[in-house]
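Next come two complexes built around chain A: one with chain B, the other with chain C.
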Partner chain A sequence: MTAATQERGRTGSRLARAALLALWGLFAGFPVYWMLVTAFKQPRDIYQGPFFVPFLDFTPTLRAWEYIAGPARETVVHGLLNSLLFAAGSAFIAVVLGAFAAYGLARYPYKYGPYRNDDLSLLIVSQRIMPPIVAVIALFAMFRAAQLLDTRVGMLIAYTWFNLPLTVFLLTDFMRRIPVELEQAAALDGYGKFAQIWKVVLPLAMPGLAAAYLLSFFFSWNDFILALMLTFRDAVTLPIVITNLSAQMEPRWWLISAIGLIAMVPPIVAVSLLDRFIERRVLHAPRGEE
Partner chain B sequence: MSTLQLIDVSKDYDNRPAVSRLTLECEDGEFLVLLGQSGAGKSTTLRLIAGIETPTQGDIRFDGEAVTHLPPERRDVAMAFESYALYPHLTVREHLEFPLRAPRRRLAPAVIAQRVQQVAELLEIGALLSRRPTQLSGGQRQRVSLGRALVRQARLTLLDEPVAHLDARLRHDLRGELKRHQRNSGATSIYATPDFSEAAAVADRIAVLINGELRQVDAPANVYDHPADVDVALMAGDLKMNLFEADRLSGIAPLPGEARQVGIRPSDIRVLGRAEPSTLAGKVYVTEPMGYDQIVRVETGGRIATARMPMDQERFEIGQPVWLAPDWRRQHLFDGRGRRLGTAPN
Partner chain C sequence: MKGLKHLLIAPPLLFFFAISLVPLIFTIVLSLSGYSIGGDFSWVGVDNYVRLASDPMFTKSYWNTLLYVLLGVFVQYWLALGVALLVNQMASGSRPLRLLFLLPFVMPPLIVGFVWQTMFDSRYGPLSALLRGLGVGPVLWLNEAKLAFTSILIVDTWQWTPFMFLILFAGLRTLPREPFEAARVDGASDWRIFWDHTFPMLLPASIAAILLRAIEAFKLFDVVFYVTGGGPGGATSTVTLQGYFTALRSGNLGYGAAMSIVLLVTVMALAMAALVWLKRLAGRRTRRMERELQAFSVEFRERTAP
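After this line comes the complex of A and B, so read on.
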């Protein structure tokens, strides 16, 4: 290959990469943009559209926002707070319980009948193989019997139940990668089992804990199906509120978009708060040969 | 500072013995070295003493008091791991403070600062105190791991190959510093190494482990001059002892009837350019000048024998016919089962 063709090849691959990125960016960015402009449109502009650019194509209006700040305020805030509580709370419980379970699976050999650690892990993850709709009918019956329907405690339990397999699975691998000698060193330094976990294991598992927390948070935040089946008034979440607001006549896209924008804020805040823990700055080769 | 007793201690992993029926005592303030090749059970022994492992049978006592089933955090034992086992999220200073801040100790901040300062000076890591393990070289990591073990005066200090992975010169310097520190602090210390000259350099007594069995516990000079059996003899000395079948030496050296193997250290063999009585004929395989000494490896009777002589003696060429003149007064005799025969030569 000559230098010229090589150069052309490099330019070609650079162009292809740019094109792919642009395509992906379009798919990722346009829905957000569309939601943003729709939240400031009149119904007329939505249905006669498509209009893309505010002030050129259409005149922005605060109509949706006035509605949210006015008549719909209580409903929206109620749903928002429920969603926040369920997402933040269930993710926290799932990560704490998941960390303990993962530590156990990573450090101690178990044997229940023919099942050993790896089988137990698989069994736990298998909870997430089936779609939630399969389990929701049974969950509904159980919740009714336990009087947990449409309660906050019930929803925290439901989301924890759904997130726990994921956190156990993710964290087991993380815990396994923390050299057991570090805990032995801490023991010799005079720290008991609990202090070893608190001072050594948890700080080193932090990237995994943060990642597991975020994934759990996102799932609960975005869930529709569990909330649809298990709540109707007291424990409704934001996705349900959005649906209820538009169910009466034709969909009120301007409202859906405006609340959708609000719904994007908490996950963004969560990511920016936890991002620094996800940097894998801490683990290094235990033998120290690099 | 404590005395240590291991009484008939065994440890099996999956029914394979790692340490078998070990009985060993270590006095208060003693520097004891466990000498053995990898897999001989040195690390297992240290881990048993530390409480990381529980013995399959036997008793471990500190100051006469059984600690066999005490967890490590309640034994007050410090250990430098061969793998360093440094905490990736802590700085060097935090590593040194970590044992001093343990719930059981709770020292005053001024005491902690002073101890950290002392150890940092001893190990010359004062300039690294704010770094994390990833920012340290291998040798620096090793010194931090040593520092964490030395910073508190534990009842026992265990050092698992503490100067392995370092380059030769640093190794020599550091083992000298370790010995000095141990003498000054009087800390009962147990040091594991596969290297005899390192063991001899620091030890009050050497305990030789072969395949999980304790074969000899003695002062370094005695292990060298009076090895209890063939395996110990081969471990002791930085150049391996030469072993000759007794049959081959009949007529050359006066041997008692029950001797099966005869050991001669390389430094007890001279290489001659011409035949003399009581010598073994051979051909020079290779010569290795070492500055002050030369090592001459000689092929004799289908084997390589090693001799070590001062440089100022005769020089040899590869392939040259030579004669080996062992100092028969310094021979080591072993019976058919490898055990030492008779008393030691001098």
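After this line comes the complex of A and C, so read on.
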């Protein structure tokens, strides 16, 4: 093979790779784009469509956004605030409780009957394997008896339960890697055990805590099944608000798309921050000349 | 501070008992009863389970769920691996592309359902327009059993391939470079390099991605709920969806509970089988490495012997 044909072959395969990536990008991105343009359409631009390019084949309007800012404002803001409260609040509780438990599992030997550290971790993590429908049918009855159905406290409890296995799992490994000598030094300085954890260990575990927080936030924000079964008026989240708005013969796609765009902002922020964390950790790992 | 150790682990264990174990037992008890909302409690033994076996809607939902897991995980794994390899080969500037690829995963599942409902619409959906342009005539995606099933699989693939991509890409980034450079110097083809080096070294990440994805796939609910509502005629229904309709919409808590217990037992059995298999696989690998090491040391001794 001459150098020229080799060069041509390499350009060819590079082009093929770029084409494949572009194809995948189109598949991944188009539905999001479709939602974006739908949020700026008139009903007739939807039902006589499909129209693809704003200004070219349809005139964008702010109709949906005016409706959200006007008549639907209270409903949407109510759902938005609930969603934010549940996601941010339960993620915080789950990370704090998860960090303490992870610290315990990393530092102390446990023995409850036949259950030791690994068994306890497995018990906690196995909750994530259980399909939520199994717990939720009973949870519905239990919440109703405890008058927690459709309350903010109830939903904070439910989402903390949802996230705690994840934070314990993620943070145990993290805690193991924090050198125990630092705590011993703090103990010599007269710190109690609790102060050692709070003032020495947790600050060191900050990157792990942040990652666990973002993931928990993301999962609660995107939850649908818990909110669908356990709320109906006071504690409804944004997904339930959207569901109620769509419960009609012909759903108002422009409105749903607009609220959908709002609902996508927090998880996008969370995941792009998370991506930074992953990248930074990868960059610190030994990897040739990079 | 002797109690501290117990205090630390108490909250997760409390949550485990109160919101996982107690409801689980409660659900098992429910599943043995004919209890429905507003009705009386009565024991029916295993009647609910017997009834499930001959309930066509449930058996359909059950097999659908298994098929979604099997087909979905298979298709999504290979697609995600392909995309991860391609992105990993890019010299630099892959961050915007990566974020674009992650968009579907970031979208709340309920919105995913709505968007794809408009995508599939036979009158004003862009997919139908595309097919019309190709001369294929109006496709009623969601009205025919097999097509509707495929549609859900397409949406599931769109939504979850990014998740597997994320794990596999992170795995690829941590692989050492030397074996690949050595193989390239030896003149190995890309195909050989993939099967001899990349794939085996990526195995832990692959297993993690497949297990995590499979566990989530068993819970499939929201997208089906919105795109097809389980129809036509149960062709796209899943166990969770069926359980939700039975227990909370129709109020047959006992019968719905039995459905969810069958799902739980299935997931647990498969998870156990996977763990046992993985342990055996890991054992075989260690034994093989030991054998190779022994063979090497024998050879080494023979060669260095005077």
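Note that the second predicted complex is superposed on the first by the 240 of 290 C-alpha atoms of A that agree within 3 Å, B and C clash if a C-alpha of one lies under 4 Å from a C-alpha of the other, contacts with A are read in each partner's own complex, and residues count from 1 in each chain.
One rule holds for everything that comes next: a residue touches a chain if its C-beta (ideal position, glycine included) is under 8 Å from a C-beta of that chain, and two chains touch if they have at least 3 such contacts.
Here the structure is a predicted model, which is why all the values come from computation and not from measurement.
Student: Quick one: classify A:Ala135 as touching chain B (first), chain C (second), both or neither.
Tutor: In the superposition, A:Ala135 touches chain C alone.
Student: Using the touch criterion from the header, give the chain among chain B and chain C with more contacted residues in chain A.
Tutor: After superposition, C is the partner touching more of chain A.
Student: Which partner does A:Gly192 reach: the first (chain B), the second (chain C), both, or neither?
Tutor: both
Student: Based on the superposed arrangement, let me know which partner A:Gly98 touches: chain B (first), chain C (second), both, or neither?
Tutor: Only chain C; A:Gly98 stays clear of chain B.
Student: Regarding the shared-chain residue A:Met229, is it in contact with chain B (first), chain C (second), both, or neither?
Tutor: In the superposed model, A:Met229 contacts chain C only, not chain B.
Student: Who does A:Glu181 touch here: chain B (first), chain C (second), both, or neither?
Tutor: It touches chain B, and chain C stays clear.
Student: So chain A touches chain B in one structure and chain C in the other; where do those two contact lists coincide?
Tutor: Looking at chain A, the two contact sets intersect at 192, 282, 287-288.
Student: Chain A touches which residues of chain B in the complex?
Tutor: It comes out as residues 50-52, 71-73, 76-79, 81, 83-89, 98-99, 102-105, 133-134, 138, 141-142, 148, 165.
Student: Quick check: in the complex, which residue numbers of chain C touch chain A?
Tutor: Touch residues, chain C against chain A: 1, 4-5, 7-9, 11-13, 15-16, 19-20, 22-24, 26-27, 30, 79, 82-83, 86-87, 89, 95, 97-112, 114-119, 123-126, 128-129, 158, 162, 170, 173-174, 176-178, 215, 218-219, 221-222, 225, 239-240, 243-244, 247-248, 253, 256-257, 260-261, 263-264, 267-268, 271.
Student: Using the touch definition from the top, list the residues of chain A that touch chain B in their complex.
Tutor: Listed in rising order, the residues are 179, 181-182, 184-192, 195, 199-200, 203-204, 282-284, 286-289.
Student: Quick check on the complex: what are the chain A residues that touch chain C?
Tutor: Going through chain A, the ones touching chain C are 17, 20-21, 24-25, 27-32, 34-35, 38, 46-50, 52, 97-98, 100-101, 103-105, 108, 110, 120, 123-124, 127-142, 157-158, 160-161, 164-165, 168, 192-194, 218, 221-222, 224-225, 228-229, 238-239, 242-243, 246, 251, 253, 256-257, 260, 263-264, 267-268, 271-272, 275, 278-279, 282, 285, 287-288.
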